[in-house]
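For clarity, chains are labelled A, B, C and D in written order, and residue numbers in each chain start from 1.
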């Protein structure tokens, strides 16, 4: 089994800071999304892949844990690591590290598959996802 | 001719501030939108009205001028005032005042009508908009 | 012991929706913050109270669980409920309900106390927080 | 006199789209800021330069004009071009182009210099800005 992941480098924008002078905590979910979509482009499993196959992949669960703050203009890396699951879910965990390679933030998200037209939840893996899992042996 | 407007009261959220300790300038377009949609509910001319009639009303132009900063937890009012236009456009101007009734910010937005399915720009007023203008004599 | 909570009514803004036509998942942390600060005003234990006492209260942990989507213009309520803790932490859980009183989203946040000037983490309860806990018997 | 500018390449994030399926108009001010700060790093004239010299550079005016929409995952370029001014102001204009090199959006921002500690507006150019103008002959 392979360990699938992708790393995205991001710079803190001024609009992402708050009156405490640090990145507002809710913005880390944007950073997670950027890395998850970078993963999606690398392995062909992002919002657009799902859409082409008639599915949306809404987030149903997320958690974030902050170890250190990020400041304006800092450059950091976000690693999105795919977590294999037997259920019809897309699960990722995330690691954010600053330029000193210190662990800044970790987190996790869970997505489900819903039919793009009916909105209905898919209880089993959509076929394109099963094929993807086979292809990457996860 | 009537002067059509609506006023929305808003409180500055912590996530809207930036590292200078004031509301980040781009967030004022959110405040304008809140007042414009409050206008839309009052006079039945918002995103949802347009949608029900098969149109989107994307913003094609905006400008904002800042007189004073807003700080976390401040309560302010946003007035959205409809500006009549002969062209197929929705135009509003905005006035934001703080609790001391000082003018904090002014601005303006212009929206056009596009067909919801084709995306095509409407060069003449959609019928529902013409009827609305007649009804309110603007 | 009292059960301390506050409820905030919010309307979904257009800018909070995403291309799936629903509220983008990261925006729920803004809704949690709005309710947490409404709690802060009611019980005098928000960002500004901490600041007046020389402390910041950064979020160190958050989780969100989505049961149902929220759409543009929907009005919903966010309940922020204080969770008593022996450690030097501020803990809240949240419940978001739509107008049909359906449970839309639940979540939790944890804040710590850091010295506003040094940035140092407070390992024990700041005095103002101990007094607050006594006052409300939590 | 030189023409000073910098170009920043950006990819549309999912959280920047709205229920119309396009980038929400207010997010373009974030794109402008990203390019303005890239300019700041290139020419040493951004938020951090001002801060080091005891000044903040709040935006007092902005305008945006939209020609074409941007969709999720599109890659585009933002050019920030410095506009020389005799008054104590920082003025930029912006051009956003999509991958087909079509003009998507233009705009302009004006910043003033305020004293970081007193908050007072600087009516004349701060010395560090005068020296910068000399150095770049603008």
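The rule we apply is simple: a contact is a pair of C-beta atoms (placed from the backbone, for glycine too) under 8 Å apart; a residue touches a chain by one contact, two chains touch by 3 or more.
Keep in mind it's a predicted model, so treat the numbers as computed, not measured.
By residue number, more than half of the contact pairs of C-D reappear in one of the listed pairs A-B, A-D or B-C, namely A-B.
The interface with the greater number of C-beta contacts, when A-B is set against A-C, is A-C. Chain centres here are Cα means. That of chain A falls 29 Å from that of chain D.
Centroids of chain A and chain C (each the mean of its C-alpha atoms) stand 24 Å apart. Chain centres here are Cα averages; for chain A and chain B they lie 34 Å apart.
The residues of chain D that reach two or more other chains are 14-15, 22, 26, 29-30, 33, 72, listed in rising order. Note for the complex: chain A touches chain C at residues 20, 22, 25-27, 29-30, 33, 56, 58-66, 69.
The touching residues of chain D, counted against chain C in their complex, run 14-15, 17-19, 21-22, 24, 26, 71-72. If you check the complex, the residues on chain A that touch chain D are 13-15, 29-30, 33-34, 37, 46-48, 72-73.
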